[in-house]
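Shared chain: chain A. Partners: chain B in the first complex, chain C in the second.
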Partner chain A sequence: MDFELLLGLGRFVLATTLLLLLTVPTAFVVIQMEMKIIAQMNLRFGPNRIGPKGIFQSTIHGFKVLAKEDTVPDQADRSTFTLAPWMVFMAAAMSMLVIPFAPGAIAADFNIGIVYFFAVLGLSVVGLLVAGWASYNKYSLLGGLRSAAQMVSYEIPLTLSIVGAVVLAGTLSFSELIAWQLDHGWLLMWQPIGLGIFYVSSLAEVNRTPFDMVEADSELVAGPFTEYSGMRFGFFFFAEYVALFIMSAILVSLFFGGWLAPWPFPAQLGGFAGTLYGIFWFFLKTYIFVFIAVWLRATLPRVRVDQLMGMAWKVLLPLALVNLFITAIAVVVFDL
Partner chain B sequence: MTKLDPETRIPDPIELDAIEEARLRAAAGLAPIRSSTPEYAGFDQVGIPDRPPQTEREREVYSLEEGEMLINMGPQHPSTHGVMRLVVKVRGEIVVDIDPVLGYLHRGIEKLCENATYTTVLTYVDPMDYLATMHNEHAPAIAFEKLYGIRPPKRAEYIRALVVELERVSSHGLMMGFLALDMGGLTPILYAFINRDEIVDMQSAISGQRMLFNFFRVGGVNFDTNDEFLSRLGTWRGHVLKNIEMNERMITDNEIFRARTINMGTLSGADAISLGVTGPNLRASGVPFDVRKAHPYSIYHELEFDVITQQSGDSYARYLQRIAEIKQSIHLIDQIMDKMPHGPVQAQVPGIIRPKPGRAYAAIESPRGLYSVYSISDGGPNPYRFRMRDPSFISLQAMPKLMPGRLVADTMAIMASLDPVMGGVDK
Partner chain C sequence: MSRSNSSTREPTTLDISSVLFFLLAAGVVGAGAAVVTLRNIIHCAVAMMICFGSLAGMYALLGAPIVAAAQVLIYLGAISVLILFAIMLTQAGDANLPAPFHRQVPIAVVVALAIIGLVGWAVVQTDWGLAAEAASAGVDAIATAIFTTYALPFEIISMLLLVAIIGAIFLARRPEEDERAS
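Presenting the complex of A and B:
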C-alpha cells in the first residue's frame, strides 16, 4: 500500500469524523437559537435556567432524548422503522462533506460538489417516507406521503434555480464557484431571481415554516415522527436542524460568496489565518440565514399542502426555467 | 401474628374480581365476558365501532369505499380544542365525510345543578364554557331572578354587563390566536394571551378568582368594584386597541392566512339558520341576529351599539367578525363606565331561595352565540329541571356540512374558525 493512499484514507477518516462531530453542536446551536429567538419574538422569556441565559437548554434536551425509553409500535415494521432515522440523519450528515467552510477547510472538494450535494440531500425523503410507512399510523402515513410529494416537487425548482449560476460560473465545484465570485462579485448580483427561487425552495426542502407540511403539528400531530421516541426521534430532530444549517450554508456558498468577506474587509487572507478568517465570515453569514428561517417560523402560518404544490409547479418551476433561459442567452450574447 | 410463607403468591385483587365475576356469570347462566383486549382489526378498520351501525347516518359514515380510510382525530390530538374526537373519512388528503364524536368531557352539569340549591347552581355552571365563565353565570342568574321575582339593583346590572363584555373581549381575542395557531402561526396566540392575562387580572381583582369566578349572585353580584380593578381597567383600556392591532397585523393581511381562510368553510345564512348556529358565526354569514339587540336583557337597551355582520360567511369573515365585535365590546365598556350608577350591588334575598312553582327562560349573547337556560321550579330549594343550550354544541353541527371536499389541513382551520369550547359542548 503506497503512502498516497494511506494519506488519503487518513484524511477521509479525519474529515468525516470531524464533520459527524460538528453535526451535534450545530444542531444544539440551531435548536437553541430557535427556542430563544422565537421566545423573544413571542414576548416570552424562553429558556433561562440551564447555563448562563439558558444557553445549555438544547444540550440538555439532547441528553434527555438519549435517556428516554425507545418504543416501537406493535404493528410497526421493525427493521425499517429502526433504519429510517439513520437514513434521514446520514443524508444530512453526508451532505456536509462538500460544504466549503474556508479555503482549505472543505472535507471533499469534488469537481461535481453541487451535483453531489443535491443528490445526497434528496435521500432524506426516502427516510421520511420509510418512517411514515413503517410506523403503522395514519398520521405518519399521510406525513410521509406529504414529505415525498413536497420534496420531490421542490427538488426540481431548487436544482434548476442554481443551473443559471452554474452556467455563469462554468463549474460544478464549490471552491471554484467561490473563486469565480471573488473575481466577478457575489452571485447574488448576477442571479437575483435564482436566489429567490432557491431560498423559497430550500425552505420547502428542509421542511421549514411556512412549508412545514411534514410535521404540521396542528393537523398531523408530528407527521412521520409521531410514533418515534427517544434517540430515534432525536435523530430526526437533529437531522432537521442540521439540514437547516446546511441549506443556509449552501445558500451562502452559492449566492453570498461563501467564505469571502463583504466589501470593506479584505475578501480573503492567505495561510492558516486565512482559513480562520474564512470560517468566521462563513459561519456569520450562515447563521444570519438560520436566524431569518427562525424569524419566518415565528411570523408566518403554514401554507396548505395543495397551495404548496401549486406554487412549486405553477410559479417556481416556470420562473426557474425563464431564469435559466435568460442566463444562457446572456452568457452566449455577452460572452461571459 | 402469622408469618407469610415467602412462596405464597399474593393474588391481584383485579384478577380475583375477574375470577369471581366469571364464576357468578357461569352460575347465573350468562355468557362469559369478552376479552378486554379484542383482536386487532387491521389498519383499515381502526375507528369503526365494533357494533352494528345504529343510525342511517352512522351507516353512511362508517362504510368505506375503495380508497377511503378513517382517521381518528382526537380525543388526544394537539388541536381539537379540548377532548373532542373527529372521525374523518378521507380519500387521500381530501375529506369525504366527518363525524364529530362528543362526550369525552361530559360531567353531567345539568344533573348536578338539579341537585344544588339555586345559589350554588351558579358555581356549577362556571366550568362549562371556560373561556366565557361570566356569561355562564349570567343566564342562570337572570332565569332564577325571573323565577323568584326580584330584580338586581341597577349598579349590579352595570357591573354584570361590564364583566361579561370584558370576558367577550378576552374570548374573541383568544379565538384570533387559536385560529392562527391551528394554521401553524406560533406568535398570535401569545399576543392574544397578553390581552387575556390583563383581563384575567382585572376579573381576579373584582371576584377573587382567575378562571371560575363564582361572581354572580341571584339578585346581584358578589362584590362591588374596587380600586385595583378600576386602575387595572384604566391601564388596560389605554392600550387594548393597540394590542389587538398588533395581533391583527400578524394575521389579517397575511397572504398565507388569507389563502387558507377566504372561501374556506363557507356557511350560508340560510344554512346557518336551519342548523341553529348563533352568535358571531351566524352574523359572519350575514344574519343580523344578536340577543343583546333582539331580546335585550340586563341593561343592553340603555346602551348604544351596532350589530355588525359580514357577507361571505367563510372562515375569514368569522375572524373579521370577532375583531369587529371586540371593538364593539370596548365601545360598550366605555359607555358602561360612563353611566355606572351608585348604589348597592346585591338585592335582599334569603340564604336558601324557594321560588314559587313555575318556569323561567333566560337567553344571553355569549361569545359563542345564544346561550340560554330554562329552569323549572317545583317550589323546592333546587331546580326541578335545569336545561342549558350551549352555542358551541350547535356550532359544531355545522362541521359535517362545511368539511366535505376540503383537505385534512382545513379541518382544524375551519373548526378553529367556529370557535367551539369543549367544556360547553359536553357540559
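Presenting the complex of A and C:
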C-alpha cells in the first residue's frame, strides 16, 4: 500500500509542478492577446517593438514586474498584506488540478471534481478581501468589499447553472461528463439556458469586463491592488489571467465537449496520439472563449454595482432554478 | 482515493498517511490556538481559515472527499468570507482593539471545561470503526440517504433556513424604505 501511495504522491507532485509551470505561459499568452487584440479592435498597432510584431511584450512585462521595487505601505498589516497575493494565486492554481486537458491528462480525476472546482475557485475572494483590508487604504477596502459581495453572489447562479448538466449526466467527475457528451452530444444542446447563466456568472466570478467592479479603475484606482507593487502585484495579475483561462477551460469541458473534436473530425483517438489530439482541440476551444472574453472587454462598458448585484439575485438565480426544475422534470418524464 | 485502514494500524509505524495526518493535526490545533490567542481579529479569522482548511485535508485523508469538499465550499468559501465581511463593515478605524472578553474569564473557564467534558465523553463513547464506515460513504450513498431516508429532516432544514433568511432581511430593512414604498 505504501508503495502505491508513494507512486501516487510522486505523480501528484509531478502534475502540480507541470500545472504551476503552465500558469506562466498561459498568463503571458492571455496578456499578449489582451494587448494586441484590443489594439486591433481600436484601430491601433499595439505593442510592436519587442520581438517580431511585439510578441515578446508580455514576457518583458513579466520580467519588469520581477525587477520592480516591492513597497509595503507604512500602516499596512504586513503579514496579511504578504499573504493575500499568494492566497489568490493558489486558489487559481489549485483549481487547475481538475481541468481535463485530454484523455489521461488530468492532474487529479476526482469523482467529485466539479464540487472540488467550485469549492477551490471560491477561495480567491478571501485573498482579495484580505488584500483590501491589509492595504490600509479606502479604495482598497471598498474594492475588497465589492469583490466579496460580487463573487459570493455570483457563485450561487454559477454553481446552480451546472446542476442541470450534472443531473442529466449523472456524474460529478469531469472525465465521466465528457464521456457522457461523447455518447449524447455536447451539453450545449441539452442545457442552453444553463450555458448562458454559466457564461455570464463566470465572467463576473473572474472579475472580467463588463463585471470588473472589483478594480473599476475609474472609481477605485485599482481596487484591492492599489497599494501593491512589484511581484506581489504580478501575482494578482497572473491569477486574474490564469482564472480567465481556467473559466474558459471549464466552460469548454462542461458544455462544449472538452477534448472531443467537433463533427467532421473523429471525436477521439486512442493512445498517445489521442492525448495530443485531445490537447489540441481542448486548447483551441478554450482560447476561442478567451478571445471572446477579450472581445467583450474591448466592446462593452462596465455595469453599475447595483445593476450587477440585482442581476445575480433577481435574474440569474431564478433562471437557474427554473432550468434545474425543467431539467429534473425532463429526466424523470423521459427517463434520460 | 485509497483509504488507509485506520482501525488496525499500529500507532508506532510512521507511514506517509500518518505523517500527513500529524501535519494536518498540527495545523488544526495550532491554528485553533492562534484563533483564541491572537489579538488582531482579522488575524484570528485567517487562522480560523487555516484551521478549517487543515480539517478539510484531514477529511480527504480519511477517505471522505465529499465531506472535505463541503468543508471547503461552506466553511472556507462562505462562512469565513461572511465573518471577514462582517468584521470589515463593523470595525471603524484601527482594527487592533484589545480583547473584549477580559471580565468574562471565570465564566469562560466554566464553559470551556463543560465543552471539553462533553467532547471528551463523546470521543470515549463513539464506536470509531462505525464512524469511519459512515464517513467514507460515496456521493451516491449520501444523496440517496438525503433524498429518501432523511428527506423530511432535509426539507425541514431548508424551511428553517428560508425562514431565517426572510427574518434577517426583515430585521435589516430600514424604516425609510417602507415609507418610500407606501
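Everything below uses one rule, namely that the second predicted complex is superposed on the first by the 334 of 336 C-alpha atoms of A that agree within 3 Å, B and C clash if a C-alpha of one lies under 4 Å from a C-alpha of the other, contacts with A are read in each partner's own complex, and residues count from 1 in each chain.
Keep in mind that, in the parts below, a residue touches a chain if its C-beta (ideal position, glycine included) is under 8 Å from a C-beta of that chain, and two chains touch if they have at least 3 such contacts.
Fair warning: this is a prediction, and the values are worked out from it, not measured in the lab.
Trainee: So, A:183: does it touch chain B (first), chain C (second), both, or neither?
Mentor: After superposing on A, A:183 lies clear of both chain B and chain C.
Trainee: Considering only touches as defined above, state whether A:44 meets chain B (first), chain C (second), both or neither.
Mentor: first
Trainee: Scan A:69 for contacts with chain B and chain C and give back first, second, both or neither.
Mentor: In the superposition, A:69 contacts neither chain B nor chain C.
Trainee: Is A:118 in contact with chain B, with chain C, with both, or with neither (first, second, both, neither)?
Mentor: second
Trainee: Please indicate which partner A:335 is in contact with in the superposed arrangement: first for chain B, second for chain C, both, or neither.
Mentor: neither
Trainee: Between chain B and chain C, which residues of chain A are contacted by each of them?
Mentor: none
Trainee: Considering only the defined contacts, which chain C positions touch chain A in the complex?
Mentor: Contact set of chain C toward chain A: 1-2, 4, 15-17, 40, 42-43, 46, 49, 65-66, 69-70, 72-73, 76-78, 80-81, 84-85, 88-89, 95, 138-139.
Trainee: For the complex, which residues does chain A have touching chain C?
Mentor: 1-2, 4-6, 8-9, 77, 79-80, 83, 110-112, 115-116, 118-120, 122-123, 125-126, 129-130, 132-134, 141, 144-145, 148-149, 152, 155, 172
Trainee: State the interface residues of chain A toward chain B in the complex, per the touch definition above.
Mentor: Spelled out, the residues of chain A in touch with chain B are 38, 41-44, 74-75, 136, 138-139, 142, 146, 209-210, 212, 216-221, 297-307.
Trainee: Taking the complex as given, what residues does chain B use to touch chain A?
Mentor: For chain B paired with chain A, touching residues are 40, 43, 46, 69, 71-72, 77-79, 93, 180-187, 190-191, 194, 250-251, 254, 256-257, 259-260, 407-412.
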